[in-house]
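Chain nomenclature is as follows: A, B and C, assigned in order of appearance, with residue numbering initiated at 1 for each chain independently.
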Amino acid sequence: MPSIDCRTVAYTYPHARKPALMDFSVSCSGASVYAVLGPNGGGKSTFLQMCAGLLKPDSGTIEVSERPAFLPQQERIAFAFSVLEYVLFGRAPHIPFLHVPTSSDEERVLSALSALGIEHLAKKRITELSGGELQLVRFARILVQESSIYLLDEPTDMLDPAHSVQIAKLLAREKEQGRLILMATHDLMFAQECADYIIMIKNGILQCCSNSGACLTEDRLSLLFDVPMKQRSTFLPAVF
Amino acid sequence: MKAGFKVLAMLIICLSIAVMLWGDAEPQTIVLGGKAVVMVADVVYAFPELRSKVIAVAGTDQGLGTFLEIVSPGFLSKPQPDRNASVETYAGYKADLYIFKSTMKPSLGKGLEDLGFKVLYMDLESPDDYYKDITALGRRFGLESRANALVNFYRTKIALVQNLKKPERLPKVLVVQFSADGLMVPPDTWMQTRMVAMAGGIPIWKGSNPGSSWAKVNPEQLMAWNPDVMLVINYREDARGSAQKILQDNAYKALTAVKNSKVFGFAQDFYSWDQPDTRWILGLLWIAKKINPEGAKDINIQEEAFAFYNFFYNIERAVFNEKIVVKFGGDIE
Amino acid sequence: MNRLPEAKNFVLSKVKFFIVSGIALAVILFLTLWGRYPEPGLLGIRELVSDELSLRIILLVRLPRMAGAILLGAVLALSGTVFQYVFANPLVDSGFLGVSQGAGLGTIIAMLSGFSFAGMLGLAFAGALLSLAASVFLAKRIRFGGLVLRLVLSGIAVSSVLSALISLLKFTADPLKELPEITYWLMGGLSGVRWQVLVLPAGIAGLCAVVLLALRWKVGLLAMDDAVAKSLVPQTDKLRLVLLGLSVAGTAVVTAYAGIVPWAGLIVPHIARLLFGADTRITIPASIVLGAVFMALCDTVARSLFPVEIPLGIITALLGCIVFVILLVTIPIKVERA
């Protein structure tokens, strides 16, 4: 069973004045979706990067049951790889050091692309894609890593409603297949519809960690964002 | 006020006259320096009266000191500023006259002239330059007769070479400098190219080097030229060794010059005789001997060398044998 | 509007690669027959058979020189490609971290001290590796930015210091005896290349090339965003250093016999990417082939255009620059997303 266990983790970026995470303890396990909410600079990305192993805690421990698949918020692209080649890099953890990808790796890439409905983009250069298409491609790279833990930083950032729906469906399917998914997001609607649990982080401190029903209240959200929040009805894709 | 101005004007006029008169007086102290100081010093020291007037010479680190110490013992005890010393260092000597190669004019020369010092420049790139520069030096010090004698020495030897019986077909001559990764040819205007022509050879590389310094030629081009005689210069080691390396190199085996063993290390003693130093006349004689052995059979290189050193630098036979012959290098004989 | 050719299927790229390699080989053979003997131009088969000297020239003069050019071009292009992916920046080549200057400094010191060729090779190697070490050491101490940015900054500093040291050596060198040799060497040239000279560099560079070829797919991975690369392969920083070390070693040994030859390592990777796309599984072998033929072409021009040799570095800079400018102006390659 996939799990992430943080115990009293503290981290300060080098030469920063304030700690990014303080006395942070949280435990996630099982096949579920956690939404990580919080204001900008509050520690969401730091938390995800720690789980991904990119940052080492100054104190405390993080135990992750297996190597997670990590999707950063933004990516710098230096060369015009094709979509196929770009997603293929996601197979790196499964390819021995001095080897090159095999045709079975390429097949997995193609099936990940079709799971997202973008197999027609396989031969296009990533520099020619729209924001939404690129996001789906990056998602495909997550899928081919075949990890049980997904760490997604703002997955719906660039996506229009149709694509958001696609991702939501995909996350649901992945959860059913036993994955543990953590996603940092600003999209409250998305969080509300997809997440089983909410983790709230503000100023590096854990504010709430519980199921969505308990966390997603007007009071808690107003406190979190320092802005009065009110629940209203808004336009949503009919699927939700 | 007006009276004041008059006095000032008189003072200025007096000073100017004094300066002009002072300027025309014979210089009593000389400093030599800048790059290529070797050539300048060798010319100046050909005038015996000037030797004691030289109070400082730069750049003796190139081995310059060794030869001139023989010519004028005590030479090495003179102050020796660095070859790259600044204008201020030179100015510190307050010499009556500074003598440099003309390439120093824009930098060191101008700097000293701006400070009010007198500078004499020498070109020393060709025989005509030598005549001009030696004559100018003689005139400056009232040593015209010595200057004429030196110039005549050169002219006589050149006439000697040019009157030699030449073979029917003039030999194709190639002069190269040997370096670790290849052979280089000199530009057309340099002394080496002129000397080959004067000695009755055809400088086959003429027209191929558009630059102003040594240019590399590859073995292929050498073979396309296929010289009759090759003269190999090496400024760092004994040129005879370099000539041997070429004779043994597989790549050159089919060259006419190699087949006939006409590859010679350029004659050298303290300096290679190909340089535009006072010794260039020895280089000319040596080239004639190598490319035209029949016509030049009466030329004895060692004797010619002695004649030169004796006339230019008052070196006696004993000293010549002891100190100069031992320095002979290349295929001098 | 993007006029890049559509990204080809990987299999088709392989076919294209073999076609290009075949053309390259033919070009190299043609260039071997070109020279200045007996006259400027092409050496015919008839002459080869009849004139003993022609055969000697081909075997003892042109072939080793062509081999030297091929090795030089292949290694510089391969190293340039690796550097461009490791730094995720298409504007670098293997001289970037002061490596060329380091090799240059080592060789000049060897020249001034009268070392043999093996000594020159050793000092060039030492110089190049020391520059890499200095750049890495300095980079570790810079206090901001990712590894790549820090390496870029320290590379600039180390390059400048080494260039200044080289200028200092030129200044103090004897203008008659030592300076012309140093100046000529600094401009790059293959006129001194014989078979013996090539043995050690070929061995070392060959070894480095084999390892780099084995790692070619991972090289592409390093061009990804740093966070992504690290999440996929935890040892990316170590991997970057290993790849840089191998490229630098190869560059050092060829610089020892050929001098500093700029632009080849910068421009050939671009041409490879233009023909084959960005996938390193193809572009790394392709840059080896294209680099070899590029340098063979440049060297043929250097040794055949005039009776005297033109320094190789001048030809590669001119030819490389012209090609580079043409590429930049005609092909709008979108390198980064806004």
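What we mean here is this: a residue touches a chain if its C-beta (ideal position, glycine included) is under 8 Å from a C-beta of that chain, and two chains touch if they have at least 3 such contacts.
A quick note: this is a predicted structure, and the numbers were derived from the prediction, not measured.
Colleague: If you walk touching chains, what's the least steps from subunit A to subunit B?
Modeller: The fewest steps needed to get from subunit A to subunit B is 2.
Colleague: Of all chains present, which has the mean Cα position farthest from that of subunit B?
Modeller: Comparing chain centres, A lies farthest from subunit B.
Colleague: Would you kindly tell me how far, in whole Å, the mean C-alpha position of subunit B lies from that of subunit A?
Modeller: The answer is 80 Å.
Colleague: Could you give the separation in Å between the centres of subunit A and subunit C, each centre being the mean of its C-alpha atoms?
Modeller: Whole-Å distance between the two chain centres: 42.
Colleague: Distance-wise, how many Å sit between the C-alpha centres of subunit B and subunit C, to the nearest whole number?
Modeller: 42
Colleague: In the complex formed with subunit C, which residues of subunit B make contact?
Modeller: Per the stated touch rule, the residues are 35-36, 62, 84, 179-182, 184-185, 205, 207-211, 213-221, 223-224, 235-236, 250-251, 253-254, 275.
Colleague: Quick check on the complex: what are the subunit C residues that touch subunit A?
Modeller: 2, 4, 6-10, 85, 88-90, 143-144, 214-218, 220-221, 223-228, 230-234, 273, 277-279, 281, 333-337
Colleague: In the complex, go through subunit A and note every residue touching subunit C.
Modeller: Within the complex, subunit A touches subunit C at residues 14-15, 49, 52-54, 68-70, 72, 74-82, 84-85, 89-90, 92-93, 95, 97-101, 106, 123-125, 127-128, 134, 145.
Colleague: Within the complex, which stretch of subunit C touches subunit B?
Modeller: Interface residues on the subunit C side: 35-39, 52-53, 56-57, 60-62, 65, 111, 114, 117, 171-172, 174-177, 180-181, 184-185, 189, 191-194, 303, 306-309.
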